[in-house]
């Protein structure tokens, strides 16, 4: 018995308005990216996929979006040069074909990403984790599709508050002056690692990737980690723990500084990217003295950033 | 012993760039809003508070933002007409004073909100919950602060898929035709409540509130709930459960329809709001047949919406 | 038209086995506890409710559990002495009546609880938050119901690592000895607030409440907070921040110490509780140097604890 | 300059009490399990690791636990027969050596696990996800370590409520009888797929694995999925969606039935497991008509279960 199943989605809706974004969220996949002469990169990405919907169509064909994701992922399985943001762009292309009515398609991806670190003193190898983020947006105009894509990461590190440290130093200085002269006190102040509050900070960075450019996720992870007081590590023997705490306290940073540090590193590292490259940097510190978090963010173009920093670079 | 604590934040930063948003996230408060002749409204809101930061200042005075929130909340405790979005606007005003360097201040608030519902058949009183959302953004230009504010809600309801229901109906129709004539079959089809997949759907709506207008959170909750196939309830006796399932299946909606329904209700209900009022409607259905969700969203102005719907209203 | 709705739950199941726990999870309520001469306590508790199910009954009457919760909460609204664990016990009693087949009923409750704190230096009033936990289990034997109940809390505080601090101190000592003699170095070591890693720690404590005893949630919150290096606060002016950081670093604690500190305080404070009182203490520190957490837990009876600590108390 | 870092953890604590569990939570790893003639299994497990601590030792050597996890995972990388619960047992063994004072060691592991499914009508291959759970507990007595281990899974499926469906059927029957005779009405009732509420259900199953037995994670996933009304799928074309909805509504189950179904399948499938094998089965349904969930659980031994089901098997 063949039943002709109706295609309710192609009907005109009773309420004829356009929708900005229609799609699926939370589509989880396994993705193994082959690399020449290196171990493959293993990701467990979660995808969101959206298209716009014109006012004369009741619904999108929902299943075509997870289908497009699956088809692209199967194809890249053997491509040794596939980058996550390029994969997102390919999904956008495929969705533009499957949703022929769409004028805008958006793909967002986020995935755990395991990488190998090295503990600071004992130089042990440690397995660390970051989130890799990628995004692609396609616009169809006059039958032609233009795609912009971005890559980014979210990484946990350690931040030490400079203000609290300065104030502990001042408090202790007053006590030291009770039994030391000014000069010796100053030498002690220059020597001692003063306390502060410190905590996990979570840095996020997203950079547009222009046509024919490649930005490595690993580099973005480095930029984020290096912009905080210290990296964090999953395995620290006692000398490592000492090294982390001491070096972090020699490099205290405000939540604002983390964003500024990321921005300077980007300007220095990506000299070949065009001025209209959009950059988003964000830092959220899980303050150890509060129940709430501290937050800083800058959204800018590389051109504006270069202008702001022209005296520094 | 008096120690002069240093004010590290007022220093110039080494990296002289502006920051878009600096502040605190996750500040939790208890808020009791008095109402004339009614039980007070109890909220446990969580606030995010942001200011921009010029390029010549190292850090914001972080503590001033939770301080501004506290001070405003203490004042409204006795104000019988305080609305959540007005409270956010007042916090923006206070933060503009405390952060005299800021050109932009943003407050976001979200809170559990308990309300009383009524079960559909037994008419029992039930305690239901929604999220209330409010937002205010202040811009300082030429010494003058302009504040825009919004109110919204996020509510869980039930959605029944029209497409799956139609296809079940077609399948069953074929079987009915094996022992019934066409006319009787059609009568059966018109009578029976056919199965579909159904699930929790989460609707979100945010509406700008122009100066001198008031939009009730309760009305927004109603709009969101009424745009799905059925409300959900915390207490349903058997006849209520039957009523919910039967009425929901008489009113199947796509995820896209939920957004469209919200939009029509807004156009009809808020005829006095100006054309430039910004509206965001979003629906996310936790599909019972998938592990992923279905999603739809429309961001528009009331003017554009009125234009789109002019033939309908 | 009256339709006789079937009572499917009372049928015998095809698979005749007992079930340990059947019920509802995540039932959210608003609860206002009146207090004599004090501001009422406002809670937004989430309840889980379970009964066991004999092997001859297909299903529980699910709606009776949220119904029992509602009915009890309506009654306590005017009771000036209601405690959360007593409320849980009353729900157990009501459920024993509604589920006449049940031999075991369990109620668990957890709620945000806002309380007023005071910043350590400026003595400003601050609004703080903890989770209040309560639990009651009823057992029916020979027609008689026995109920045991517990109260507890979960609170965020700050922990400073003693080991890392000691190792920073040793490192700095070596450098101080390069320009100071041993005696002066020792004086400096005794004076200075050395750095360590510090972080949010989350302490949880649950104590059985014997018949005719009352244990205050506020006291449990105090015990948990006082067992860490420092309380955390939502509003800290600069002198407060300094006081928190300095006092926390004078009181470094391992994750294990937090649990030990809670246990000593309990033995000292609750001298009138019987030996068979069950106590669970747990601490989880969100290590600022790792992505993972440190954890410690002790489950014991008050009698065993008194025995272990008899030389100390 | 060599600084001798102190070993604060080996000191005696001021408060001489034993601790039940001390360790780390949330240690995330990448794990690739080789399989003969098959694609390797890729997991991103999160580990918790605990030891007990005697009353004469201030702290555990925290870093030894993530170290033990790393060392075991490196070794299994090339073992073609490694099972997740065996890996947990090996970590327990290694921790027993590293924490020579420990009398009890516990390892818990949970991981996303991607597997290939097949859509029910179009027979398309689909990528599906479950959580794999494993656990091992070692006890040291008289110098000898005994380890018990368990494997389990958590899987999302679809559940259709039998009670609501029965009540819809009764309601519709009354209406059908207005224009059909009893016999035809009955034939219609037997033919039509009546509506009910349906939703995502999450089943969890954990089975002890006795020495020299192997229980496959894939089999546990099958048991859980097959105990609900239907599997869920990430990619469903229209005929598949129809098949899922229709077959699910032919197989309605209470939350209690899901647990019962798992138990029967276990008794039938694992006839060789000993009577003292501990089994935990749990089901939580995200009810589409409520904001709260329905829950059922049974904890038992295989022997008791066989006794309960002896008339059925």
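Each chain carries a letter (A, B, C and D) given by its place in the written order, and its residues are counted from 1.
Methods note: a residue touches a chain if its C-beta (ideal position, glycine included) is under 8 Å from a C-beta of that chain, and two chains touch if they have at least 3 such contacts.
From a predicted model like this one, the values you see are computed outputs, not experimental measurements.
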Equivalent interface positions on chain B and chain C, same or different at half: same
Per Cα centroids, the chain farthest from chain C: A
Whole-Å gap separating chain C and chain D, where each centre is the average of the chain's CA atoms: 27
Mean-CA-position distance for chain D and chain A (Å): 32
Chain centre separation in whole Å, for chain D relative to chain B (CA means): 35
Per-residue overlap in chain B, given as positions that touch at least 2 other chains: 3, 5, 27-28, 66, 129, 163, 167, 171, 234, 236, 238, 241-242, 290-292
Residue ranges of chain B touching chain D (in the complex, touch as defined): 128-129, 156, 158, 160, 163-165, 167-168, 171-172, 175-176, 179-180, 184, 187-188, 191-200, 230, 232-234, 236, 238, 241-242, 244-246, 248-249, 286-292
In the complex with chain B, residue positions of chain C that touch it: 3, 5, 7, 27-30, 32, 42, 44, 63, 66-67, 70, 112, 114, 126-127, 129, 234-239, 241-242
Residues on chain D engaged by chain C in the complex (per definition of touch): 1, 3-6, 8-9, 13-28, 48, 50, 53, 55, 58-60, 62, 66, 162-163, 166-167, 170-171, 174, 254-257, 259-261, 263-264, 284, 290-300, 305, 308-309, 311-312
